[in-house]
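To start, the structure itself, in structure tokens.
Chains here go by letter, A, B, C and D, matching the order in which they are written, and residues are numbered from 1 within each.
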Amino acid sequence: MNKITPSIEDAIAGIEDGMTVMIGGFGGSGAPIELIDALVARYKATGSPGRLTVINNNAGNGAIGIAAMIYAGMVAKIICSFPRSTDSRAFTERYHAGEIELELVPQGTLAERIRAGGAGIPAFYTPTSFGTDIAKGKPVAEFDGRLYVQERWLKADVAIIKAELADRKGNLTYNKAARNFAPLMAMAAATTIVQARQVVEPGGIDPEHVVTPGIFVDTIVEIADAKQEEALLREAALLQDGGTA
Amino acid sequence: MNKITPSIEDAIAGIEDGMTVMIGGFGGSGAPIELIDALVARYKATGSPGRLTVINNNAGNGAIGIAAMIYAGMVAKIICSFPRSTDSRAFTERYHAGEIELELVPQGTLAERIRAGGAGIPAFYTPTSFGTDIAKGKPVAEFDGRLYVQERWLKADVAIIKAELADRKGNLTYNKAARNFAPLMAMAAATTIVQARQVVEPGGIDPEHVVTPGIFVDTIVEIADAKQEEALLREAALLQDGGTA
Amino acid sequence: MKAKLTNAQIAWRAAQDIPDGAYVNLGIGFPEMVAKFKPKGREVIYHTENGVLDFGEAPPAGEEDWDLINAGKKAVTLNAGASFFNHADSFAMVRGGHLDVAILGAYEVAENGDLANWSTGPKSVPAVGGAMDLVHGAKRVCVITDHVTKDGKPKLVERCSLPLTGVGCVTTVYTSLAVVEIIDKRFVLREKLPSISMEELQAVTGAKLVVEGACKDLNVPEV
Amino acid sequence: MKAKLTNAQIAWRAAQDIPDGAYVNLGIGFPEMVAKFKPKGREVIYHTENGVLDFGEAPPAGEEDWDLINAGKKAVTLNAGASFFNHADSFAMVRGGHLDVAILGAYEVAENGDLANWSTGPKSVPAVGGAMDLVHGAKRVCVITDHVTKDGKPKLVERCSLPLTGVGCVTTVYTSLAVVEIIDKRFVLREKLPSISMEELQAVTGAKLVVEGACKDLNVPEV
């Protein structure tokens, strides 16, 4: 069993037109920029994979990461909780032009729907969004005198996530708050593709400290010096401001 | 904020007659024997806390732990997945005498119901037990052409669990497979009482390695040389066999 | 309008009611200011939706770790005893009722406890984030807000006109003029600025203010 | 009855169909024996309900760590690359369909894939454990069993008479006489002992055995 591949192009080769792709990260923290870059490059070179449904907390910022996917025209739909950011022009323009579909999901419901997808729970009830526009059309049920909204699981064809350590069996750790949605997405996707800062030998991660057990992971590519989306965005903003800090 | 108490008697002082008590452990692995011993001693001395509902994977083995609670007469009901064990006489006798109630729950459903209790999810659907006697009387719904059973959350007044490391803010780690139900029970109980092998300073557990964040924990007592239920049972069995190994 | 509290003073007042040992989520933006005014000697544990418990102050400029941020995507630091967890576990803390206090901003709060704070209507790109979870996530759900909108309309109303964030969820409102609790679908006035009369306060409030027991003076230092 | 496979031989046969790199849960008791017969050169990752992935063989007597056990409460060891997780995550692996193979015992298996393996009726204390989750948890749900009960009654039946563990869940049955797949609610015979005739096999089977394509000889070494 060896889930490591040396080539980032090979890692993403199975992602096809029309797929649903979960992308790890909360804003720039945990965004798998190199995997996204490779996807965008492939789309620009070959016209595929297009018409993607992207699941992420946000809808891109600036011109890198998910925003670059949107600018490239690869994204048909976004399922997210917060499509606004400092510079969410990419999404906003396409959304107002009617060129991209939005399914807005409260953040905790988004997380729980993804976990449910990974855990074989087709639906659950939550107090979140009851009585709001978000709940329109969804079944409602009463438990112990209180009303709850029924939500469905979310699954994906592929998850692309960023990890800290990985071994060939697929065990993962993350870096600080970059963990966020990644462990859930790894569970909920048919295929999980990981860019890890460092590949270690099996046993190199203490069994007590494994965050994502290898059963949820399919392909790993080592990217030692990965870009940090937020840091890049801030550098870009500084340059735009004429270099004043 | 200091959740440490030096006295095991103080730690369990708030447990009252008729309460629902989640008890960590899978068989002997993770069983909080010293907390249970203190509860049994209090019951024998004062007649309280009695009429308890106990939630655990099992229903006791031999004459210690949950079996000792049953022998003492403190337990009115057990919610568990597997009340049989090598020597589950305590439960079996009371059950056949009609003196103890049993709610049998498939193991994965038990775990998920407890998690749901902790996560504010009042109900969820699972394929587990569909079409079986266990599902009788429970709502059924179809999702994507498949039938599922609706299950309700499980909450408790108190959880008593065993941890490896703890700090005064309530952060916990566990020892190997002794983790099992404990992190879920800590979430689902109004009050969570922990016996930890060692208390460390805050920061003594790496933030990446915390398994149960302190928000789920109320009271901690340090028990450095805790008994291991399974080891004790095996010693007792050897003695009964006349000391032959 | 006569004197009113600054945002910092509203945040200060809200901070006084956070007890020692509380687990607290501060919403993005204005509510984050509450952390500055934690009374000395109290230990408060802050939760952020993106999976950190017990984070500390912002790091000095230039020392940010952008993998260590809060829900507002601002860099933070860690206190000793912090922990990381995934997003589902984070919202289990929220939805499961494990937080003691959540402090949020508002466009409108209704006397029945309804809150509108996520959408000003269908024109802009909708974005809800964690707000709809947080309003069901804490034992006390507090709102901090100016008492009126920029063009002088009441923010405390009989019924919200904007899209709701949650139904019957708000317990306490700290405004630039008053402290109001929501009890049995009524605005119960607990404190008001001494410089404003009951009639003046009622005139800028969109629903009836009930006085039950003492209505204290809202005294806040310069901060 | 003529020659039949021993339990060890049934376990051996089931083990041959576990592919390299598979994630596998072996039920308590007889199914645990399958691990012994993993073909050389294949890497198989074992899952146990109580929160361990990639555990290894039993430790030598006297070296047990009773906090490191499997679902059968037997002491195990760890392979390099093992991990621990809580019970909800463990059953997320099961229920979420992440296992490749689950191997279970049976009282009865029906041609429609129904399985009865948890209760012999209302007399004894009922105990279900993880069986009802496991039957919905793997891409292949395999049963290993003697072909008939101790008193010679068929265990492969048209409809189960004992309380069900799961509906339509079994994909493959390895018995002491045959290998049977369940396809479209029929028992499709894949292999049978060469020493037993089709008529003899059908006579000890409680539902129709369908032959579709080749029925191979079930050849198992002495183990």
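A few notes on this one:
Methods note: a contact is a pair of C-beta atoms (placed from the backbone, for glycine too) under 8 Å apart; a residue touches a chain by one contact, two chains touch by 3 or more.
This is a predicted model, so every value here is computed, not measured.
The minimal number of chain-to-chain contact steps leading from chain C to chain D is 2. Mean C-alpha position of chain A lies 29 Å from that of chain C. Here the CA centre of chain B is 37 Å from the CA centre of chain C. Multi-chain contact residues, meaning those touching two or more other chains, occur in chain A at positions 112, 115, 119-121, 126-127, 174, 176, 207-208, 211. Within chain C, contacts with two or more other chains are made by residues 84-85, 88, 91, 94-95, 136-137. Arrangement of the chains shown, judged by which pairs touch: an irregular graph that fits none of the line, ring, star or complete shapes.
Counting only pairs that meet the touch rule, the chains in contact are A-B, A-C, A-D, B-C, B-D. For chain B in complex with chain C, the touching residues are 1, 115, 117-121, 167-169, 171, 187, 201-203, 205, 207-208, 210, 213-216.
Remark: chain C residues 48-52, 65-69, 71, 73, 84-88, 90-91, 94-95, 114, 119, 125-133, 136-137, 163-167 touch chain A in the complex. Every residue of chain A that touches chain B in the complex is listed here, in rising order: 112, 116, 119-127, 141, 143-144, 146, 148, 152, 173-174, 176, 207-209, 211. Of all residues in chain B, those touching chain D in their complex are 26-30, 57, 81-85, 88, 91-92, 95-96, 102, 104-112, 114-115, 126-134, 174-184, 211, 228-231, 234.
Per the touch definition, chain C reaches chain B in the complex via residues 20-21, 23, 43, 45, 47, 53-54, 78-85, 88-89, 91-99, 136-137.
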